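In the two complexes that follow, chain A is the common piece, with chain B as its partner first and chain C second.
So, the complex of A and B:
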């Protein structure tokens, strides 16, 4: 079934702006007792709020979209999900108590995450997990986890290794070898960059294994970084990490947690960094989630005044002088529209051209359906062909058309040379150099949690027992009960060696 | 009893034989008893491989000459006729493809594909046929493609060039038939190397779905058929386009 695609702004009656307008029922969480409670979504002042009623703690409210028009428009992009090949749990108690995935879950794993350690060498004030420094995944567990993923998904675009700080795992490089399976196209690593900044040989190992690095980089200045990540010269560390990644030729994604009033004015700078450095393929903004070890206590925090996906989009438009526009971004249809926004950008001779400016909406949705990464399958080829024909048949009407056509012609000549046939991976690599991506991924916290978003979640933690746990459900309902993490809190590790509970003085983050 | 080799005592010239199908044809022809000469343009390493492989079976020579170099081609043919006596078999294999949709295809793209694939076939054939007509014997085999006889998703200049080769084959076969020279066209479907390697996965899957044998062709299989087509055993076939595609 295809839902209508709405491109015209939502119209509200004049007095609707001054009072609450009921939109829909929801099920959320009481931020005080964490019980699941009924709620409603209301529109007020052009924004969308989640109002919940707890029998014990009364009414609570949280902002869930800073732009009612974006919210309403995003609901028209819903696409039926694709289910995994196999489910690990049955439907017994209902969502979110049957996670693993149960047959009621409405999306497979676009991005499975394997947490290989809960050791970390930072203590970030905004951290949304609980790093107890007492667990390193064994090789046997890791293989079981990978086997489970392949059993559920068949083929995987990406498997992400995370933590904790995954580069602290004593067998980290061995795990990269174990993840090298024909069913897995790429392995990415989410890291704070400390090891990368100080260990170039390690970067070379990553490059040799064609690993993608997701580098946590929230801002380009120390004051904001210290607020989010704690004391230390983070800026110097990040600069060294970027230099090492670039020098080693590691394909990189910048991951920026964005907190209202802290670093939301740095969004444009992050976008410019993406544009300026060829080795940076994508940029992921994560609106701050106020839950977990650090995030739950991060302040100041007003649930009615947080940054949401459309707020990031608006800031990107305002802070890049129009290089990006609101209309360049769309929700990711495969997930819940409240969870992801994104745009793809084509690198042209003189800048970047967002895909939605030269591909019509329906074909664009075809490209981004059910995945977060571009893959040259039939849908992609059809969409690009249609775009080329459309641009060509109307060329001359806009100088942008010819610019895009020139770029696409050059791309095809590189990807399909006359004198030799390239392997698929080589072609993909060339393609990666031509397209950049900006994602916005909104994790939920106790204030913004909604059951329907969980049901469509496509970012899953992969467990050694084969379960796939929707990210926010795991963080809020399962993580603290995970038997792997039970036990006394351990000592943080530095490159796989205990640091005697104290930060390593040689660690540049603490200098 | 010793088995008779298909091309014993023949002199064969294969264009574009530093890799892929051309390389395989040169190797099979050599193993079937032919002295093989072949051309290449840039791939020195590939040409060395072809030469070494062919020389395991007999005499072989490599010429670095483009099919668009008419003078160079004539010099090569003269050299072969002087040193080896004749060119009995010509395989017009050299060709290129370019994955480019109509909207992005420039005149230079069209000219380049048509030049190498069609004009190159014409120039080489003309250079070799002079001696064949003089000797009133010879065989020409042009390498076409399934895309020349089926409606398949492929670049239009490549399809047009291969269809032109089919037409060229028929007209040339008629024109030189009075001298006993046979001209045929071999039209492979998707092969394990060459154009097929550049095909996106879903297009390959689509081909396999419609292919009775459910697989792409092996170079060796096509080269073996080529050896039969140019052999004296196949003396009654001319002007024909022979498709080898696994049953598409």
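So, the complex of A and C:
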């Protein structure tokens, strides 16, 4: 179904800018007792707030969008969802008590995450989960989880292994083997990089298996990293990890958690890192969410002054000297528009060119619709060809046009050669050399939680029992009672040492 | 590595697009339930789930474009001064009112002054009580007015309703009390049967009361379906009486799809041709209350359906883009069009003369445009604009002529008219079409209730948004709800579910 995009300006009464504007109802959460309560979205001073009324704890308010214009426009960047082949639960009590997925859920598991361990060798003040250090998934559970995913999804673009710190799992490499299934295009691993930094052979194993690494890297300097990740020489670890990944040829995504007042001035540096290193294919900003371990430990946190998706976009513009512009970013239409923002960048002979600058909005939305990662299928080919036609007709009007045109023609020649059809995987890899991506993914906490966003969540934790749990619903309502994690809390080995031990620079996990 | 023997099954897309969610009510037990707002087949649907009564769906708008367009109009809200209740576990709409969740103060108090009625309409969305009927006392009325005065710096308008308010023997006294309290627009929602009495009409005229006449159809056989009676002839006679005594009149049809929606054009024509008829207020039928719960659901109609009817009836002279929401209410509650009736015949919608934004701005102080200086400024700017750019609209000359005459009449050089006098003059030339969509339990949207500016005042100073009152609170008010009728309504519900 074709939707009218709200490209026309919003009509405001003359005094609307200066006053509170009630926008819509949204069911939220009382940050004190975690009960689901009535909330309203209020536009004030060009920002959007969620104001909630708890029968026991009164009014609470949280910033949910730092740019009302982005928020309002994002509401129509939506499209139909994709229905899983099977649902694990029935609709019985109503959202969010029937996860997951129940047939009332609005999106399939585009980004499934398997938490294979809850052990971690860091205790990050900003961590959004509460690691209990008492569980490693068994191989049988892992196979059940993968089977469950294939049963629900049919084909999967990506399966993500996470934790805890997944590389601590004793059978990690065996799991990578178990995840090699014809229905799964790629496996990615979310890691803090400690093992990557210290174990080059491990990196080679990852490269051999074509595993994608999502490396947590929030800043390029220790003061900021220590605030977010605790004591230690994080910077040295990240540098070593990057060097190892590059040397081993591992396709890498940088994942930067951005906390207001801590590292939000390093957004530009992260973008430059993406531009400079060929092996880094994408960059994921995650505005800090103050829940789990971090919710209890990270401070100061003012729910009215946090960084949101459009704030990251604004910072990216300000800190890259215009390499990126606000208009280069759009919400992801297949997720809830409040959850993701992104842009695709075309690598040209001299620098990166954001897609929205040369592809019309309609084709662009088509490319990014229903996937978080680029997929060089027929739709992609059509969009690129349409862009070529468009650029060709305006050829010579700007040097940018000709440069982009050259690159796109080359891309089409490489990815869709006339003499033979390439396998999707081959095209994918050619595409990865030409296109980089910047995502912004906002997780919710008790303050920003909205049932609305849960209903179309596409980031799901996959369970051995076959359930697929929308990420933020699991973190808010299910994680604390997950039967896998019951039992006494284990002793975390921070930097490989018992907790509270000072980090030892000679630690093998460290040096 | 096992091979995929056959092509893997493919996921299919949903037939709808998920837009957002709100909170609604179960159509059967009226408990609060989440409603997903879905776009499908270019219509907007509420998709609900009640743990006891299962999945339910209701069409809330027959055009996605209109639904989103309305939401693109943004206006600030003014929270009520008086908060009377606390938020409970159930939350909105069970804490009326106003509770701390309510976002808008009252701009239009609607006072039911009696539970008695002389009709029993199959479409009635109230619950009337004729045995031991309630009649608001003068003291109660005085208390309500005192609270309204406390809560408002000024009040433009008040509405009397019922039951049938003209059955109240003190209605004329109440009108005088309101007049004394400085309220300018005193409106009475009536079926008109009492207005056959010319002496009564004369008294109403003397008090400058305004009549909101329920007139759904000009066909007796349709009247029988909607009202269970034949009132057409009487109402037309009453309209003549109202014209004779120059009583400002609004025609209010409740519109039911497939029943009387084909008469919207004729009714509009009537409004535009009679100087004493100031506006057309179209109500989309609601399926709540003593009649509504049992009325055929095929009759459900939404605001865009009425836009289409008007567009067709006027050959596009009035289109849906000539309507804007009220800045004071939720954008999905009212759809408003003002037209300038030209002195030489014909009419032009304000939205084309000005802009939709300017029309929206004109409506930000009160539910109905007031003939104040703001309007004068807008008209004068329009004259300047048409002078310098006469080609902008086809009817430029006729518009200029009408506007100049109107300004001269409203703002004469030799004296200043009262706002009431100006209003009378303006309303003969400027007419309004209001589409007002009330809610029932099936299409209930707490977002709309939260920004509702239309409220039923209580004697204790509290206030209940009308749709909350109609759907949830009237039935708990023993003064108004007949217990026998409540039982009958429950049977209807049980039959349906």
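Note that the second predicted complex is superposed on the first by the 469 of 511 C-alpha atoms of A that agree within 3 Å, B and C clash if a C-alpha of one lies under 4 Å from a C-alpha of the other, contacts with A are read in each partner's own complex, and residues count from 1 in each chain.
Going forward, contacts are C-beta pairs under 8 Å (C-beta built on N, C-alpha and C of every residue); 3 or more make two chains touch, one makes a residue touch a chain.
If you're wondering where the values come from, they're calculated on a predicted model, not measured in any experiment.
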Checklist entry - Between chain B (first) and chain C (second), which, if any, makes contact with A:79: first, second, both or neither? => result second
Checklist entry - When the two structures are overlaid on chain A, which partner does A:386 contact: first (chain B), second (chain C), both, or neither? => result neither
Checklist outcome for this item: Between chain B and chain C, the one with more contact residues on chain A is chain C
Checklist entry - Which holds for A:154: it touches chain B only (first), chain C only (second), both, or neither? => result second
Checklist entry - Who does A:378 touch here: chain B (first), chain C (second), both, or neither? => result first
Next on the checklist: After the superposition on A, what does A:93 contact: first (chain B), second (chain C), both or neither?
Outcome noted: second
Next on the checklist: I'd like to know which partner A:430 touches here: chain B for first, chain C for second, both or neither.
Outcome noted: neither
Checklist outcome for this item: Note: in the complex, chain B contacts chain A through residues 42-43, 96-101, 103-104, 106, 193-198, 200-203
Item to check | chain C-touching residues of chain A, taken from the complex the two chains share | outcome: 1, 3-4, 6, 8, 10-16, 18-27, 37-38, 40, 43, 53-55, 58-59, 72, 75-76, 78-85, 91-95, 104, 106-108, 153-155, 180-183, 451-452, 455-456
Item to check | Footprint of chain B on chain A - complex, ascending | outcome: 376-378, 381, 385, 388-389, 391-393, 405, 408-409, 412-413, 415-416, 418-419, 421-422, 424
Item to check | For the chain C and chain A complex, residues of the former touching the latter | outcome: 1-4, 8-23, 33-34, 36, 39-42, 47, 49, 51, 55, 64-65, 68-69, 71-77, 79, 86-89, 91-92, 99-101, 103-104, 324, 327, 356-357, 360-361, 364, 445-447, 450-451
